[in-house]
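Shown next, in structure tokens, is the structure this report addresses.
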Amino acid sequence: MSTSPATISASGSTTDRVGSLADVHEAAERVLPDLPTDPVMEALDLNVYYGDFHAVHNVNLAFGRNEITALIGPSGCGKSTVLRCLNRMNDLVAGARVEGEVSYHGQNIYARGVDPIAVRTQVGMVFQKPNPFPKSIYDNVAYGPRVTGMKVENMDDLVEEALRGAALWDEVKDKLKQSAYGLSGGQQQRLCIARTIATKPDVILMDEPCSALDPIATSRVEDLMISLREDYTIIVVTHNMQQAARVSDRTAFFTARPDETTGNRTGLLVEYNLTSNIFSNPNDKRTEDYISGRFG
Amino acid sequence: MSTSPATISASGSTTDRVGSLADVHEAAERVLPDLPTDPVMEALDLNVYYGDFHAVHNVNLAFGRNEITALIGPSGCGKSTVLRCLNRMNDLVAGARVEGEVSYHGQNIYARGVDPIAVRTQVGMVFQKPNPFPKSIYDNVAYGPRVTGMKVENMDDLVEEALRGAALWDEVKDKLKQSAYGLSGGQQQRLCIARTIATKPDVILMDEPCSALDPIATSRVEDLMISLREDYTIIVVTHNMQQAARVSDRTAFFTARPDETTGNRTGLLVEYNLTSNIFSNPNDKRTEDYISGRFG
Amino acid sequence: AGGGASGTVAVDGSSTVFPMSNAAYELLSEESPGVQVTVGASGTGGGFEKFCSGETDISDASRPIKDEEAEVCKKNDVEFTELQVATDALTIVAHKDLAVDCLTTDQLIKLWGPNSKVDNWKQLDPSFPDQEIKLFGPGTDSGTYDYLAADVIADESESTRKDYEASEDDNVLVQGVSGTPGGTGYFGYTYFEENADSLKALAIDDGDGCVEPSAETAQAGEYTPLARPLFIYTNNAKYTGNEAVATYTDFYIENLEAIAEAAQYIPLSEDQYAETQSALEGIGS
Amino acid sequence: MSSVAARTARDLTRITTGRSRDRTPGSLIFLGGLWFSLFFGVMVLIVLIVTTAIDGAPRFDGALFTAYDSTLAPERTGFRAGILGSIWLMFTTAVLAVPLGIAAALYLEEFADNGRWYNRFIEVNLQNLAAVPSVVYGLLAVAVMALMGFERKGIVLGGAIALAMLILPVIIITTREAVRAVPTEIRHGSLALGATVLQTTWRQTLPSAVPGIATGTILGLSRAIGEAAPLLLIGLAGAVRFDPAGIFSPVTALPIQIYSMTSQSQEAYQQAASAAIIVLLVMILSLNALAIFIRNKFQRSW
Amino acid sequence: MSDAHTGAGSSLGTGLPGVPPDLSGRSRPGERAIQAVLFTSALVSVAITVGIVVALVRPVVDFFADVPFGDFFALEGDLAVVPLVAATFVVTAIAMLVAVPLGLGAAMYLSEYASPRVRKVLKPTVELLAGVPSVVYGFFALAFVTPTLLQKILNLEVGFTNALAAGLVLGVMIIPTIASLAEDAMAAVPQAMRQGSLAMGANRMQTTLRVVFPAALSGIAAAVVLGLSRAVGETMIVALAAGARKNLSIDPREGMQTMTGFIAQTAGGENPVGSTSYNMLFAVGLLLFVITLIINIISISIVRRFRQVY
């Protein structure tokens, strides 16, 4: 039951050598400057510690407006840690300590007087495992506007708009009052995205948003990310390099380096570039080893 | 800080197109018949249920003597479940029920009168997370021979032999009495392999043995697997396709199919073939999608 | 008595007598440490039931054994000897601040009678203060209760009213009455004497004017109708068969005056004591 | 959806000015309420200890520990019999309950097949037993002692039977938790090497669970040592003037002595009871501290 | 323990053809025996339950042979149980009024606000409250709460024994039961749920009340119900502080005898085996057992039925 190459090409590469990541990327590529010119967020000399453990070392990164930036790297290299710094979710981790700056529209979100809650209403987040609340679909979406005290003229309209934005409306419009737990995993994840955009954030962080989903749901969410790029700045962590290649404009590759004395592994940024460059022509041997599958 | 292609070639492919899995495989390939001629173990119409949930559907697989067979597929497709059937570790899962046969040297290990403990002394197992016992290194290795009542002339020799077999002897010979918890993750995993071969099994099952390890430890364990192939039959679950390509002789690709009414996802075997064929010329579109990274 | 004696003695029964039996043991334990006594205070009635089933060796009682109880003893082949050990003045106590000093026997019966609905001091006598009455008293298994019900109220139902706070532990009653304005209750004289600074005792007028409870009035027979004898009952077989029981009983009676004094009880008159001594000698012969 | 530019202008004011939304009046009142809830109990405990200690202060003397209960000299009454009795009861209870509890816990956790109705029944039954009032255990112990033909029930054995039944569920439940905390990986590692379930339990699970079991057992015993109700039912006398000497010896216990003394009106007894309460609390708090120490010191975090 | 089960060793030189390994079952008599011992130990818990039922039911049958049902389930009379049940209800209600809000508040603080370090100190401290013997609480109610707190400070007209003091102290005693179990339930709410809420700009209070609390509701309900069953069954506090008078009243300032109070006070030993009053003790004990059993079953089934599958 072999499939002809012609059929495969529908969604990407047409080569008979399966899986060249550079090829995968072509489909999504846009013309962009080498570095983001007007970054929405920037990490400046970011260091993160969990207690005594130095988890992330000196990261400098800029995230461009209306771009999708992918963070990739082997397990434990600090991708999620960096992501969580961007909306101060790390505040919630006991013992976590952040040094350096994260600037959002030029303001350091770690400065004194900044309300992390206000940051989070601007910088939304979608998690690896879909985590809808044990409430109805409607209440899930309305939750954010309600708790942030957003002035909403008509909640029904807002819910509909958010669900449409997350490409979920048609599937759930008849069961808005039912529990969100009745949805499939992929629907739940899109619900979580709808929930996030209902509060009209500026930036959306996503931590491996598809790793718990099946292929069809994955491709739905990927399409959604690309369409959301029009209105939002998206930063996504993924361990699926093909996904990074498919959806992102820029890619940052992290790895972890063991400390010689303690053996603790500290994450660091190896290479940051346009996605097409990372996959077709990486500058660093470690990047190349990783994307060619020699480890990870 | 770019690296020249010449440097990369040291450990594999020399192409400038990064990451063709078929290429990765060349290095490890041997000449083997299309199907194992004298299988040590065979799964025949294997179905596994967890309570009402049909986890694995009708798997037929044969594992050849002194071969490494890789089981690959997306998360939840039942790889671990199938593996655990091969030494009756599923007996320990409450509610798990196995239908069909697993034959070992022609004997159905699920037949009446078969002692699962005897099966497990023949079919050893290495787990995803290194799980040394909270004992000394020596006692970890000696544990199996002791509890199975193996007749051992000289335990010290046996321990040394097993540790040498797991390529760990030189690193631990001076601290055999120290706790196994003092070892690094990779060393712990090799200790678990040493512990398994100390009982002189026939088959070794490995469930993602490297997924908790760093690149260097991973390549050590991979080398070890290839050298163990001389004496043992190895069956390994991995989610790292490159790893399957690097070490295995044959690869079985599983996926999960959602039930139309319940939405439960049942695992099934899609394709089983020589590893070189799976990666260069898969027969099934789903295999191709998976190894080219379109999902998973 | 024999300093080398050893064994265990189980004493239970009247809580009125309890301090005395306990004091007896306490004094004995200095010279015969081998004798181990446990003294319980479950009330006279409860004590007899255990005594007559053979569970205990000695029963304390604040009234004589009833015929029904003696019947049970007989059925279980428990032969016993009654020994009077002291005299008690059943004392009617009240909260310290209560503006009442004396009750007539009739008022007492009106207050505690089985059908009494009296709940204000004023209802007993218009000169009494307008204050709610809170009642405390021993439970129905107690000899003190029986004495008030059967010998003082003497209603045919042989009971008192029921809507009072009941406790076998007279000390609970002391605290209840002293802690509750308008409270009143009744129990053995000793308990009153021990707590004379937190309670007041009401004098009783049995027709001859108000008489205060005291050792003298009780011994002189003036404190009527509330003066009464206290007893211990000894199991004859245990007395002869168990060295410890004999040692304890002998010591008890021999030192009765000292014990009564130590425990602040009203000692027996000489005649009464002689009677008790001869009863003791009669055991086993 | 509003334009990005418009949003930006708003952002700049939004994230810095104003107080944090964790600091709104409503949030602060709520937090204050939570603080109050948390410290109310602790406050009560402090008041309890302080007032009792003040009441008992005149009686912190040697006689408190060495003298027996006294009617003749209330100001020198002591708790020797109760303290020794409680210790005897505690050890006898431990001997009865601990091996039984550990064995039952190991069966339920390591051997029982939860698909079987009788194992599920044992499970539910155990949850119920844990919440049976302690007086009911007293009633049961009375019946058990009568069944065993004891005329006198207020002896060490009688009290210990009541207490052992009372803390058995506690020991079983905490032992199961300790056993469950040993990672399945260790168990599977052992079983995959061909060890039997029993070997795995004896050589891997049990040694790793010892600190947890010890903690649970100590907590169970500290509960037993403070219990009065079941002992009252089994008929422990308040006034005992000799040391317990064996499991058939009549006995009293510290809480029983306290109980019989709290209801005595004389000042001297009140003081003695207060002092004895402090002694009892010290015993119980030390046991608790020991349990916490063992938990923190020896419990492996996997 | 013996390891000597028959040789499962390897004779099979790594896959020698033609020598099929022996997989047949071994008999392990030692293991069997030990398993039987362990199973028997587990059965002891069942034996205890059966024992409770038998020990309670037999005297109760005798009791009802002498006493008509009507006399027992009567509002007043020597053998009436209704006043005892009513008093139990009053005292328990007061205790729950104290323990539910405070217990849940403490649980929310521990689970949602306290850092792990703080929790590690505070949780055992709160649990210490449950370790204080009830006779000590009873003494405290009698020696401090009634005379000092209620009579002096609050100037209430309460008796020496009263339901209020007993209920308040009982409430304090069950705070840790409720706090600890409710905290477990809230801690079991996945972190992801909290993060989801916080990531949307909710503050902690909103997250606690709108997400964590509802998600943990079944566990919290079970905690409250278990606290209820503790309160109903607690003995020494009420025996000392609630009073010894059968009193069909709902005025908490009055003294009243609860079911457990009756058992403890009547059990002082004055009731020899077989007498009606002795058997009444068991009748009340059985009623108490049945009531707490029903409450427990409710608690267990709440947890079963509504266990969240997050």
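Order of writing sets the labels: A, B, C, D and E. Residues in every chain begin at 1.
In this section, contacts are C-beta pairs under 8 Å (C-beta built on N, C-alpha and C of every residue); 3 or more make two chains touch, one makes a residue touch a chain.
By chain, UniProt protein names: A, B = Phosphate ABC transporter ATP-binding protein; D = Phosphate transport system permease protein PstA; E = Phosphate transport system permease protein.
Everything quoted here is computed from the prediction, not taken from an experiment.
*Asks:* Starting at chain A, what is the smallest number of hops through touching chains needed to reach chain C?
*Replies:* Between chain A and chain C, the shortest chain-hopping route counts 2.
*Asks:* Among the chains, which is located farthest from chain B on the basis of C-alpha centroids?
*Replies:* With centres defined by C-alpha atoms, farthest from chain B sits C.
*Asks:* By number of C-beta pairs in contact, which two chains lead?
*Replies:* Chains joined by the most C-beta contact pairs: D-E.
*Asks:* Between chain A and chain E, what is the gap in Å from one C-alpha centre to the other?
*Replies:* 47
*Asks:* Just how far, in Å, is the C-alpha centre of chain B from the one of chain A?
*Replies:* For chain A versus chain B, the centre distance works out to 32 Å.
*Asks:* Can you list the chain C residues in contact with two or more other chains?
*Replies:* 40, 55, 167, 169, 172, 175, 178
*Asks:* Which residues belonging to chain D are in contact with no fewer than two other chains?
*Replies:* 20-22, 194, 196, 199, 235, 263, in rising order.
*Asks:* Would you please write down the residue numbers of chain B that are in contact with two or more other chains?
*Replies:* Residues 117-118, 121, 147-148, 199 of chain B touch two or more partner chains.
*Asks:* What are all the touching pairs of chains?
*Replies:* A-B, A-D, A-E, B-D, B-E, C-D, C-E, D-E
*Asks:* In their shared complex, at which residues does chain C touch chain E?
*Replies:* 12, 40-43, 45-47, 49-50, 53, 55, 134, 139-141, 162-169, 172, 175-176, 178-180, 183
*Asks:* Considering only the defined contacts, which chain D positions touch chain C in the complex?
*Replies:* 68, 70-72, 151-152, 154, 235, 237, 239-242, 250, 260, 263-266
*Asks:* For chain E, which residues are in contact with chain B within the complex?
*Replies:* Answer in residue numbers: 3-10, 12, 14-15, 17, 20-26.
*Asks:* Could you list, by residue number, the parts of chain A that touch chain B in their complex?
*Replies:* Touch list, chain A to chain B: 1-3, 7-8, 11-13, 17-22, 24, 74-75, 184, 211-212, 214-215, 218-219, 240-243, 256, 258, 263, 265, 279, 282-285, 288-289, 291-296.
*Asks:* Name, in rising order, each residue of chain D that touches chain B in their complex.
*Replies:* Checking each residue of chain D against chain B gives 113-115, 183, 185-196, 199, 203-204, 207-208, 300.
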